[in-house]
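In the part that follows, the structures are each spelled out as structure tokens.
Shared chain: chain A. Partners: chain B in the first complex, chain C in the second.
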Partner chain A sequence: MTESPATKPTDGEVCQRVKNGLKPERNGLVKSLHRCHEREHKHHCHPEEEEVHSDSHHGSLYSRPFIESFEETPMLVAVLTYMGYGILTIFGYLRDFLRHWKIERCHIAREREVQKDFVPLYQDFENFYTRNLYMRIRDNWNRPICSVPGAKMDLMERASHDYNWTFEYTGRVVQDVINLGSYNYLGFAENTGPCADSAAEVTMKYGVGVASTRQETGNLDRHEEMEKLVAKFLGVESAMAFGMGFATNSMNIPALAGKGCLILSDELNHASLVLGARLSGSIIRVFKHNNMQSLEKLLREAIVHGQPRTHRPWKKILIVVEGIYSMEGSIVHLPEVIALKKHYRAYLYLDEAHSIGALGPRGRGVVDYFGLDPCDVDVMMGTFTKSFGAAGGYIAGKRELIEYLRSHSHSAVYATSMSPPVVEQIITSMKCIMGEDGTAIGRERVRQLAENTVYFRKRLREMGFIIYGNNDSPVIPMMLYMPAKIGAFGREMLKRNIGVVVVGFPATPIIESRARFCISAAHTKDMLNRALSVISEVGDLLQLKYSRHRIQPSLARPFDDNVYEDIDD
Partner chain B sequence: MNFKNLKEYLAWLYYQYLLITGIYVLEPWEKSIFNSILFSAIAMVIYTSYVFVPIHVRLALEFFSGIFGDHSSFS
Partner chain C sequence: LCSSKSYAPAYHLILEGILILWIIRLLFSKTYKLHETYKLTEKEKEDLIEEWQPEPLVPPVSKDHPSLNYDIVTGPPSHKIIINGKECTNFASFNFLGLLDNERVKQKALASLKKYGVGTCGPRGFYGTFDVHLELESRLARFMKTEEAIIYSYGFATIASAIPAYSKRGDIIFVDEAACFSIQKGLQASRSFIKYFKHNDMEDLERLLKEQELEDQRNPRKARVTRKFIVVEGLYINTADICPLPELVELKYKYKVRIFLEESLSFGVLGEHGRGVTEHYGVNIDDIDLISANMENAVASIGGFCCGRSFVIDHQRLSGQGYCFSASLPPMLAAAAIEALNIMEEDPDIFAVLRKKCKHVYKALQGTPGLKLVGVPFAPALHLQLERSSGSRDSDMQLLRSLVDYCLEGQVALTLARYLEKEERFLPPPR
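Our next item is the complex of A and B:
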């Protein structure tokens, strides 16, 4: 089963993620039921669609309760959502008809008259969607920010007089918008403090550009220091850094796997992993999201049948998973993946883009969260763009692996090396998280993030919203479903000075549009409370409180510090 | 939701209608097309039921009274 050609991204901001497989049960109606059924023989199955893994139920794989929920879409909401898309599609066809007969001006790229017999360029569904649905609510995306995107930010005010085909700037600034969208998990995206100071100092010494690759004259002492620090931070032998997180995935997987290899990829893996897997030329098989039965079945089949036609054994089997899935807010079942990987002798590629810094008592990602040995993960990948407030990505693992990648990976050989101030930001923020700067600020931020996450998720759930994902994941998707509500939610929140990210197709399945909040350690309790009360108000206005499992608000119980009780150092 | 008066409540209801049908994102002229089609359809349904339902009911009554009712009253 090879993959069909890559889904062509229509517009940058709504397609951060490309699905790498069809999901037969994506409308959410039966998903959670399946989940329960499939897991039944192995795991305790809750009456609600919550998966609870804890040591009281089974084995020692999970040391802390592991609660994930994906509440099913209410039937009425699903029907109304489809109806809404139907109405919008009809109007889309009407507008396309008017454009085709030149009754209306077409503002967007279209087939040229001289090329009318060529293969059509703008006729697939993505283009239709961009023209007729996305453009109508485009004002919710790529809005220019004119301050540091920390806990609060300033936005440039923008207006459109032709229904979002063009924008003009009014020259005013919307100030102090609470930022619930940035992946600023530990709040290191800041323009003051030790990180900014040391980055400024390094800029004075090294400048900003390096103008060469690492293999030539672009290898600075700061780069070497950073890589040593990353390896130490992750507890592995060696690490190397790249200037771009996306390229870390898409350029290193082809270096690791090739013809005759098999890549087992989670269906919700990020576009960079999907692209890397496709570029590698190996066979790709997709398993259901976080479904260990599905993964085991594929592994067994791969070992029993070998390569297609020749039935030779696979050269390598590489399992590709993410730490936190950025659209679902779920955490990979890493203990089970590692058990399977060991049992079937496969390799594991773990993308910790969202989880590094954000999970675990010491902020060292999903491996730390589960208390596992980092040496069990063959390839650890992560980014510096999120928790560290910098840019770039890293690959870490055994020394031989890193030496191999240094000479074989395209992004190591051809890419210009990282800018020194960015490197310095990474070094300083990482030292801060490790406590090597002599303060407890980093540890405090990790704890604050965990506290904020638990609090925010709990409150949203009590209000009756449908929240996806793991209870400890700082990525919090809140379901909106209906197409008009995507636009309305973003606009109403911004009107009340809260900046949120709303996501729709193609980043999500077509009916599961959502708003995605990213909690930061920089958010104070006041900000979170303000945001929550506004979300509740807008939720009432737009009727977003879909959840049918009403949870009674518990008495205001202070956050107990033993969320991460097993801190060992 | 707390509403101060009926007007506010109706405005909220209209807003919900916009959101659920998805015409919230449409341009005003498209909204008016949708509304006029929908309301004329509803008006036609109401009108036809006003015109034809009483006739059908009367015919049905006559038919059933012809079967079950007192025959002497008609002959």
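Our next item is the complex of A and C:
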């Protein structure tokens, strides 16, 4: 790639570069930024590893180091994984054959006798994966708990005598399992404390249900107060809340985009965003995960060529991204996306389901993390389930947007409003994070979460595991790859009293199954150390330490506050 | 033959040589010139990008749009409700059994809060399954006398996730015209063929089914893999009347279609023990493939559930979008629902009381001048429609709104039924 004078770092308008008459495709807006960053690399890049390293001296879009890594799958591991799946498929066919000929007992539920000649409800092949692969390791999911989903929880013990087809509860409770699976980033999942007290008060006063939609008689004064608070928290003009995060996306994207609009969505977007985009009726184009060149290429092509076949200009272009991607642990390149959006006049829909409360020095999400202006994002969406310990979702933005949604959103017209104690929990926890209740608990928790995240990631890297994602994201996926290890890892960790989440196909690509840790501010250093030692033990047992880039363990330094020193509070 | 080869005339060889050269040229030449007129230069692309102006993200909403300003309710929404500062008797919430204000329900919810906190912090698959969820599912299954039940955390999402889990592209769904909005969204998400039949008109449905049968006979291979479903509601929210369930079951066995029943309004209302429209008609519950209801009306909690045979329900645990990809129901709401179920089981007389009251109100509202009463006598949610419409929907809505305001002054709370005008398939007249 040739370096041209236009790629010299300039402060100020980054948009100017494109107008220099150079071929924009090759020296596009985004590529030029990368050129100037790569020249300043302090250490050389491994050919296998893809790192995006931005230097803070430039004063360009990134104000602090943005380190993400997605190490490539080692070749031997990939081959063995494919072999593993191949063997499982062969055995699957064999077992199906035996079941069909009644040699093996069949546990699957059957259709009614009377309805035997109806068209079958499920195609046999659809369930092949479920029957033969998922059933073997089914005990790693849907584990019932019987306590607060905090840093430690109590699991109900389950036993299966017929290889996971049915479960029985032995009645015993496994106490004090360290919880690395729940989305409890700031530790607000608790049953004591100011949040629980105020929620209890509201339960007695208002009851639990509402029994009416927002537009009819379901709009309580608590709802109005909560929405004002959410708007203040995010720094935007107004906000609106809904009862379910999934439904927020699937019901409001159709209200914002329709026929004749274009939606550009990331490859790894959540199912709710995909469903909302599909229901809206607009054209959807997918760009590669977090890849700004791909996004820019699609934007240019779209504006230049217009709608397919008729070539009319698009009515609107909506870019849909997430703050933290929960399966990869990566953070969106927000400054670049905003620069692109401004240049090409598109609209940005940011889904902060995992990042609100978990990123940023004040806990205000990914916008705060990058130090950007919240008014640049047209539609900010988020959920209250993860960091606030409640349930539901919200959309925030300019006043016109929210007014439009109040009158035209499917949820306001047809769906019941949120339950009062949940609303109260949101109000109290948000006030705590903002510091308005007079204590410093909120700020302390945000800081604790950042410290825990950095520590956990560093130690896992040092041990030699392959970790995906950004250094600052509290979602930590650890690669397992082989199908047998998925089940083994989950079970071994549970034996040692640690609850983890393992994910395989179809939530991830078929050879990239992983275990995902969610760090919480409620985890103490002891819990983390215990978890790390157990993970290391199991990692040695199952040979999970695939990484080829062993980092030397640095001396035990206390957490340095340099991470956030350049942001003024 | 060999001899004839040496006598090949020269022109023949020259012709063949030219042909070969021509083929080689065609093979290596670029795509033909027509393309170049369509290729845009970089400068043109820049100009296009400069000129393009998108529409504003949202169209502006006029200040006096009727749905913009909500009525604010202060205080608990129970029998007496305070709207905009005025205390009224509440005829507007779907609080059919009066359980919103019940002390036992509140106490149970409080106890659950003290044990579990408020939120669940995870979907069902990842440590979001609590023992209260399992208990609620088994209680619901026992109450409805089915094998299994599955819980969703949002009433709207229940049927909207259940339908696309079974019905995919290429399947056929027969729906009543008066189906509610969540069913319509579920149908849209499933991408199947939708055929509407007139409201509660069994002949129309039979006609459609016969047509489909003829289609099937013409193409038996396709018919063997096309699933067919009928989606109806127990008590329709838009017209407040009941579907004729026994006839539907007959049609089901005759034409081999499966029935999905949506019982949001009729669960806890119809039937001797509150089991809904199947109990009301005395139909065997196994004949219905899937019953879906939300717990936000009679049960006075939040969320929804589906129940039926394990064969049908178990599939949703892996493919119901609102179940797998969303956080589970907060445990205190599940505990409130369990307590409400307890009350319903202990005291079946409340259903008879409710029916008597409904009949009473129905008789009393019958003779109102200028207004038409829509609904059956034992429906707890009735619609009052204008007898003579003025022709324009907006002015009708304004008239009805002034009616509602007048009632508010008289300390009776009514509400205008809200619809999204552009999105509904068959828009009901203003009521």
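What to note about this one:
Everything that follows uses one rule, which is that the second predicted complex is superposed on the first by the 492 of 569 C-alpha atoms of A that agree within 3 Å, B and C clash if a C-alpha of one lies under 4 Å from a C-alpha of the other, contacts with A are read in each partner's own complex, and residues count from 1 in each chain.
Here, a contact is a pair of C-beta atoms (placed from the backbone, for glycine too) under 8 Å apart; a residue touches a chain by one contact, two chains touch by 3 or more.
Only a predicted model underlies this, so the values are computations on that prediction, with no experimental measurement involved.
Superposition of the two structures on chain A shows chain C fitting alongside chain B with no clash.
Of the two partner chains placed by the overlay, only chain C lies in contact with A:183; chain B stays clear of it. Comparing chain B with chain C, more residues of chain A are touched by C. In the superposition on chain A, contact of A:385 is made with chain C only, not with chain B. In the superposition on chain A, A:131 makes contact with neither chain B nor chain C. Of the two partner chains placed by the overlay, only chain C lies in contact with A:119; chain B stays clear of it.
By the touch criterion defined above, A:540 reaches chain B but does not reach chain C. Of the two partner chains placed around the shared chain by superposition, neither chain B nor chain C is touched by A:362. Contacts of A:111 after superposition on the shared chain: chain C is touched, whereas chain B is not. Within the superposed three-chain model, A:285 lies out of touch with both chain B and chain C [touch as defined at top].
Taking every C-alpha atom of chain B against every C-alpha atom of chain C, the smallest gap after superposition is 20 Å. Only residues 18-19, 21, 23-24, 109-112, 114-115, 117-123, 130, 134, 141-150, 153, 156, 179, 181-184, 188-191, 195-196, 199-200, 203-221, 224, 243-247, 250-251, 256, 270-272, 275, 278-279, 300, 303-304, 313-317, 344-347, 378-379, 383-386, 388-391, 400-401, 403-408, 410-416, 418-419, 421-422, 425, 499, 501 of chain A touch chain C when the two sit together in their complex.
Considering their complex, residues 80, 83-85, 87-88, 91, 94, 133, 136-137, 163, 482-485, 487-488, 540-543 of chain A touch chain B. Only residues 1, 12, 15-16, 18-27, 30, 34 of chain B touch chain A when the two sit together in their complex. Chain C makes touch with chain A in their complex at residues 40, 42, 45-46, 48-49, 52-61, 65, 67-68, 70-78, 81, 83, 90, 92-95, 99-101, 105-106, 109-110, 113-122, 124-131, 133-134, 153-157, 166, 180-182, 185, 188-189, 223-228, 253, 256-258, 286, 294, 296-297, 299-302, 309-312, 314-315, 317-318, 321-322, 324-327, 329-330, 332-333, 336, 413, 415-416, 418-420, 423.
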